[in-house]
Each structure stands twice: as C-alpha cells, then as structure tokens.
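Next come the structures, one after another.
Shared between the two complexes below is chain A, which has chain B as its partner in the first and chain C in the second.
Moving on, here comes the complex of A and B:
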C-alpha cells in the first residue's frame, strides 16, 4: 500500500514538473493565436492577426535576414572546423585527446555572460568592429564543442580497416576521405551542423553583446518587449520555437540519436 | 602505379621485370621499434614468385606488424623492403604493387558488392567498360553473382570475405597480403574458405602472404611457413621442415606437440640416456632431443627402435583417432605417445622408444 502511494506521488511530482517547464511555452504559442490584445483567459477566439502584424514589420525581416546569415554561417563553420578538430583528436593518444576534449569543451561550460564579456573585451582590444562577423565568431566558440563531441564519437567507432583498404587500393589520404570517410559520416555531420544551428539561432546573450547594429530574431524579441508587450511577440516566439525544435528534431533523426 | 599499369595481362599477376631466379620480395634487416618496444627485430626474408607464404606465430609475435610493413601501412624503423626489384620501403600503400585483405575486411558499407570490387580500378581511372568486365570476372571467380548488387552489410561473413578478396585481387597485385583472413569465420566455413583459397591460388597463380596463429591452417595452405615469436623470425621453411626438423625449442613446441628429453652435447656428439651417441653439430652444452608423440613407439615395436627406454604408464586417454599415453621413464621424464593400439593401462611397465630419423636436437 505504502509503495503504491509512493509510486503515485512520484508520478504526480513528475507530471507537475513537466507542466511547470512546458506551460510557459504552451502559453506563448496559445496567446500568439489569441483574438485579444490582453493575454488573459478565457480565450475568446483564434486569429492569425498577430502573425500578420509581425510579418508587416520591417525590423522583423531585417532580423530574420541576420538570423539566417548567422545561423547558416555558424552551421557550416562549426561543422567544418569541428570535424577537422575531431579527426585530429581521434588520432591522439588517449590522455592527450582527453585533455584536448576538455579544452575544446570549456566554452560549452562557461556562463554565456562571461564568454560574451571576454569576447567583447578581446574584440575591442584588437580593434575589431562589431558586426554579424563577430556574432558568427562568438557563436562558433560555443557551438563547435558540440560538433567536436558528436563527430569524435562517430569517428571513434569508424572501422579503420575501411580507410586502410581505400589507401591499399590506390587512394591518397584525401581521396580516401572524399570517397569513404565523408559519405559514411555525412549524416552525422549534417546532424551536428543542425544542432549547432539550433544553438546559434536562439542565442540571445552573446549575440546581444556582439551585435554592432540591427537585430537577430532573439534581440528583436527583447527590443519589442521594451516598447510594450504586444501579442505579436508571442507569434515571433512561436516561430523561433518552431525553428529550433524543427532543426533539433531533424538533427536527432538524421544522426539516429537514441538518448 | 606505373608497375601496375605494366602488369595488365589477364589472370597473371606476375611480370618478368626482374630476371627469373631473383626473389619477388626481399626483406633486408627489416625491423620495427615503437618508442623502445621492439615489435619486429631485424630480419631477412625472401619470397619467391608463386609462393604461398604463411607468417605463423602467437598473438603479439610481430606477424601483423611485418605484414603491414609489406603493405606500406607501417614504416620500418630500419631495413629495406624490395618488391620485384623496386625499393618500396618509403612508399605509401597506394603506391605499392601489393594489395591486402584486412582482418575486419574493411568493406565500404555505402557501396554495393560490385562497387566495392571496382573501387581500386575506378581510382586508377580505368575505362568504365574495362572496370565492368573485370568486376564481372572477379564476381564469377569468387562466385558472388547472386549477391553482386547487395550492400556488403547484407552478406554473411564468408561472402564478405570473398568480396574483400575479389576487391584486392582485381588489382592484380604482385603480392596479395592477407591478415588473419579466416579468423572471424566458424570452423566449417573456415575449412571451406581454405579450400577456396587453394583453388584461387592454383587458378590465378600469383604470390600470397598470409598471417595466421593457426598452425594447421598454415600447413594446409602455405608452401612455406615463417614462424615468428617475440618479434623474431624463428624459422622459415616448408611445412615438413618446420614440423619434422624444427630449428629451436619454440618452433618444436608451437608447431604441433613435442616431447623433450634433456641431453648434453660434447664435441659435436649428443649422448642419449641409453648410452647411444649421435652426431649433432653445434655448441657444447645442454640440449633437448625432440620427438613427436605419434613417432614414439610403445610396447613390442619399441624394442627394435634406435632409442629404447623403460617406463610406466601414468595416464591413458582414448581420443578416438588414437590413444594417448603418458609414460614416466626410468630417467624421470614424462613422454606423451600417441598410439593406435590401446591395450596398456595406467601402472603397466613398458618399453618406449623412437628412431633416430624421427628426432631432432635443439639448444635448451
């Protein structure tokens, strides 16, 4: 009997936790369709008006453009550089590779605010003007560790006899990579790139510090909040949520990630 | 690459670029040192055209290192490797006229069986028609016609092995290298693949070098066997030579079973326990006389043998094809004898002996 109660209690706590964590997200999506300026229950009717309002704003299109540029550049950049790093790491002796992994992983563990401050200090010391370029560079620092982690794991269980065979049959190291390694790890690279893009797309703190002018989608949300709460923010939030979830889900599916 | 281009007559991986009589492969003082660990000690070895050589030894004896040095995957720390008169010591694998079948096969999962087999030719920019023809030739040779469009992951172990073999053979290598090619197969399949390897070698000729830790496999396939231990080449010879006349204690014990009797060598003669002395050139000192269990005679036949000792049976094991006796001799040595007759029992006194032609002498 007691066990029964304990188990049910655990279930209830679990459900409450999930509700507590997802309710705000559900509210954002729900109110983005709400036919009222005030965000209160009960919801009177559904409308696409807030999306229409959002899409008619000039600053939305500018922010979207910047976000797309940054996201794509970060996705491509961190996949290429991260893969190169991973290929070196798997060739290292175990102790050296463990050290390299923790060094590369540092930006992943650092508070974003500290990372942003550090980068800002660096860029101003170097006299680099803030722009989308600095945003991309900053995003690379914290998205690359994920790529390195994922690609290293894939390369570690890559059958090296395949590479040896390719070399043996006349392939130079580059040809062996192009015709054997790359086609086999391509899904992993795709997935890793998408995860990097998802992380980049919804970053606010680091982007905020690095952005010289203009907006990305997250900084646009923040800007809109300062001028007053308007339900079209909910529409924007819902769109960002959709994009992030979409790329992450696609990434997990492509990489065949199972927990 | 040039060597391969020259070498393009069908079904004949052998060219006559070097005068007949010169070995196809010559290793001179080849050694590998890994930061102080000597994986292979300096060794010399020659492989003749048409040889089917087995590198035999326990795990960690350096046999795979030696094979990988032949293939170009490991650079020797010292020494020189020549293939067909060309010094290949510093050449990477893609520039060598050798091809290898790897232990895990290393088949490409993103290519079909046909694409796997044609990979090397496509890289060499062989005309598409010729690639297609030679791939079909190979598919027929290894009898994979029904599976040629499948992915290698959809094949059984034996079939995968045949794909790996075809993929290497299509390059018409001067030397085909095989790294424990049958290790992943079960016993029955292993026997079948061994027969197939023999058939292939007879059919296409060529020079094969394969690594194994299984002495029966080495004997079943190879015309010459190189026995390695601890990075040293212990003996290189035919199956008969290494089995009947092992050069040292290790080869005696590793290739088949062996009985050892202690003896002394003085002035080039070895004294046996029954007072008989035999000529045996070598350094004075402790030696061991080796005899195979199946060459030992027990009971009445032993009385007519060159060497005859008294002993008593301590153990009798019926093993089907023969009966194995453990005999304690009067001089206190335990000998294992395999006999067809089984009428002795533990405790019985008997005579045990052997002929001088069946013994060998090694330093102890």
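Moving on, here comes the complex of A and C:
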C-alpha cells in the first residue's frame, strides 16, 4: 500500500513538473492566435492578425535574414570542425581521449555571459569590428562541443574493420573516408549540425554582445519585450519555436541522441 | 614504422581547426579577461598597470550581492536537480506510453526560445495574468498578488522551468544503462524501495546529478536577463552588476574581476555539492 502511494506520488510530481516546464511554450502558441490584446482565458476568438502585424515589420525581415545567415554558417562550421576533431579523438588512447573530451567540453559549462564578455574584451583590445562574423565565431565555441560529443559517440560504435579492409585494398585515407565512413555517419552529422543550428538560433546573450548593429530574431524579441505588451511577440515566439523545435526534433530523430 | 608515425601526425592535423576555436575563441579570451581584471580604466581607456584595486572593491562592496547570487542559484540548482531526478526516474522506470511521452516533452522544451519563455512567464505571473486571474476567480484571494512577478520567487520559478530539460537529460542518460532486474534482486532479498534507491541507484548516477546541479548553478549565477525581466528592482544578481559594467558604466576591468569572483564562488559551491553527494550517496 505504502509503495503504491510513493509510486503514484512520483508520477504526480513528475507530470506536474513537465507541465510546469512546457506550459509557457504552449501558452505562447495558443495566445499567438488570440483575438484580444489581453492574454487571459477564456480565449474568445481566433485570429492571424498578430502574424500579419509581425510580417509587416521591416525589422522582422532584417532579423530573419541575419538569423538565417548566422544559423547556417554556425551549423556548417561547427559540424565540419567538430567532426574532424571527433575523428582524431576516437583514435586516441582512452585516457587522452577522456582528457580531450573534457577540454573541448569546457565552453558548454561556461555561462554565456562569461563567454560573451571575454570575447568582447579581446575583440575590443584587438580592434576587431563587431559584425555577423563575430557572432558566428562566438557561436562556434559553444556549439562545437555538442557536435564533438555526438559524432564521437557515433564513431565509437563504428565498425573499423570495414575501414581497414578499404585501406588494405589500397584506398587512400580520403577515399576510404569518402566511400566508407562518410555515408555511414552522414545522418549523425546532419543531426549534430541541426542541434548546433538550434542552439545558435536560440542564443540571445552572446549574440547581443557580439552583434555590431541590426538584429537577429532573439535580439528583436528583446527589443519588443522592452517596449511593452505586444502580442506579436507571441507570433514571433511561435515562429522561433517552430523553427528550433522543427530542427531539433528532426535532429533527435535522425541521430537517436538521448542526452 | 615511419609510415605509421607520419599517418598519425597527419591525422592529428585534423584537430587543428578545433584547437584554434577552443584556444583562440575561448581559452585566450578567458586568460586576457583575467589579465584585464587586474587593470583599471581611465577616461574610457585601459591602463595597463596591474593592481588589486578591483578585487579590493569587490571584497568591500560586493560580498553581499555575491552571497545573494550564490544563495538564489543554489536554491534553483537544488530544486532543478531534485525535480529532474523525479522526472528522469519516471521516464526510466515506466517503459509504457507515459515514459515516452515525458521524454518527448522534455526533448521538445530543450530548445524553443529562452526570451520567449521569459516573456510567457511574465504574462503568466503578471497582475492581469492567468495565475492571478485563476486565483481571484476561485476566490482564493480577493486581490491579485503583485509579488508573483518582480520578485526573487519569480526568478526561481522561471529559471527552474527553463533549466529542467537540460538537467533531466543527463540524469536520464545515467539511469538508462542501469538494469532494472538487478534491482529486483535486491527487492526480492527484502530491501525497501527507498533502500534500493539510496544504495543501488543514486550512488551510480552521482556524476550526472552533479552535472545537472553544476549546469543549473552556473547558468543561474551568470544570468542577467531573467532577474531583469521578472526579478524587479530589488533582485540584483551578479549577472546584472557584471553586465552593467559593459553597458553604461564602461568599466571592463571591474566587470572582469566581478566575473572571476563569481566564477570562483561558483566553483567552490559546486565542489561542496560534489563532496556532499559523494559522502551521502555512497554505494553500500
């Protein structure tokens, strides 16, 4: 009897926790169609007006363009650099590879504010002008560890016998990679790239300090948050959600990555 | 033999871009940031004369805010880690639809707009927000509670909600390889459910629990957006003080010194949490 109670208590607390975690996102989507400025229940009517308001803003299109550029560049850069590193790390002796993994993982544990300010201080000392390029460089630091983590995990399961036979049959390292390794790990690379893109697209703090002028989608949200209540934030939020959820859901499906 | 050595060396070249990113965009900036924390500014220019004045100022003026930040971050990290364990355990122990549903919900909230979540909480907790309207509607209070928003409580609520998915995944990842049948053996021999949890489950997932705690603590201690958006004027965390040194006040060295003081405090708290977990969650 007592066990039964404990088990059900766990279930109730767990479900409440998940509701608490997901509620904000559900509400943003719900109220982006709400036919009233006041965000409260019951919802009386549905409308697309907030989306129309959002899409008619000039700064939305500029922010979207910048976000697309940064996200694609970070996804590509992080995936290529991280994969090259993962290919060396899996061949290391266990101790060295564990050390390399924790070293490359360091930026994941650093608060984004610290990453941003340290880079900003260095860039200002070197006279580097802030631009989309500095945003991309900064985003590489915290997205690359995820790529290395995911690709290394995949390469560890990889049967190297196939690669060895290709090499024994006279294939150069590059040919062996192109014709054996790459086709097998391609879904993982694609998934890792999408996770890097989702992380990049969602970042506000680092982008805010690295962006010289203009906006990305999160900094546009920031500007709108400061000007007061504006339900088109819900519409923008729902769109960002759709984009990040779309890419990450696809990524998790492809890689089967579970934490 | 020569060929193998050359091939290994050539393979190691593939590490160069990643090392360039880690070194050039992370380690070098951090070291420079540490150096700058010993400098001072005069007329908006860095003066390259090493001194301890910034740290002396933090010691005399900012110990209170650092303690407050560490306290509120520790609370957030403890609550997040506990709830994350409950959810992860639920996902792990229930092979049925519920487990998969909860895992799916966790993965979906992992990304999805840091600022947008804060905005949603602001509208939820506000005077005219859903929580207050419900409380008034149910006649639990006569007037809306203003303290829901713009209070330290709001900061805790928002950050716990934001951090949960990041904490659940590593804990679930550590639970997953544990074979439930090995635990049934302990149950058959008469161990209580709590005994099994304490002696057989928790000791094996200490690294994951520490990861969840450390991540939650560091993100909270370094955050300035949440306290500013939902914390009100009285909830000033170190993130806010640090950020303002790079905005209006233009005092990079003091901001850098504040950052390293906060990081050092964070490392001390995380080390204490590690020692605590190792002491209390030891395998029997």
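One rule holds in what follows: the second predicted complex is superposed on the first by the 257 of 259 C-alpha atoms of A that agree within 3 Å, B and C clash if a C-alpha of one lies under 4 Å from a C-alpha of the other, contacts with A are read in each partner's own complex, and residues count from 1 in each chain.
Convention: a contact is a pair of C-beta atoms (placed from the backbone, for glycine too) under 8 Å apart; a residue touches a chain by one contact, two chains touch by 3 or more.
Given the structure is predicted, the values throughout are model-derived calculations rather than measurements.
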Exercise. Touching A:99 in the superposition: chain B (first), chain C (second), both, neither?
Worked result: neither
Seminar exercise, completed: The chain contacting more residues of chain A, comparing chain B with chain C, is C
Exercise. Just chain B (first), just chain C (second), both, or neither: which does A:109 touch?
Worked result: second
Exercise. Of the partners chain B and chain C, which touch A:180 in the superposed model: first, second, both, neither?
Worked result: first
For this session: Considering only touches as defined above, state whether A:120 meets chain B (first), chain C (second), both or neither.
Result: second
Exercise. Now for A:162: first (chain B), second (chain C), both, or neither, which partner does it touch?
Worked result: first
For this session: Applying the touch criterion given at the start, work out whether A:170 contacts chain B, chain C, both or neither, answering first, second, both or neither.
Result: first
Problem set entry | Footprint overlap on chain A, comparing chain B with chain C | none
Exercise. Which residues, counting only chain A, touch chain B once they are in their complex?
Worked result: 159-172, 175, 179-180, 183-184
For this session: State the interface residues of chain A toward chain C in the complex, per the touch definition above.
Result: 3, 6, 10-11, 13-15, 17-18, 20-25, 27-28, 31, 38-41, 80-82, 84-85, 87-89, 91, 103-104, 106-107, 109-115, 117-122, 124-125, 137-138, 140-141, 144, 148, 173, 198-199, 201-205, 209, 218, 221-222, 225, 229, 233, 236-237, 240-241, 244-245, 247-249, 252, 258-259
Exercise. Which of the residues in chain B end up touching chain A in this complex?
Worked result: 1, 71-73, 92-94, 98-100, 102-110, 119-120, 123-124, 164, 167-168, 171
Exercise. Inside the complex, what are the residues of chain C that reach chain A?
Worked result: 7, 10-12, 14-15, 17-19, 21-22, 25-26, 28-30, 32-33, 36, 46, 83, 86-87, 89-90, 98, 102-103, 105-121, 123-124, 128-130, 133, 160-161, 164-165, 168-170, 172-173, 176, 193-194, 214-215, 218-219, 221-225, 229, 239, 242-243, 246, 252, 255-256, 259, 263
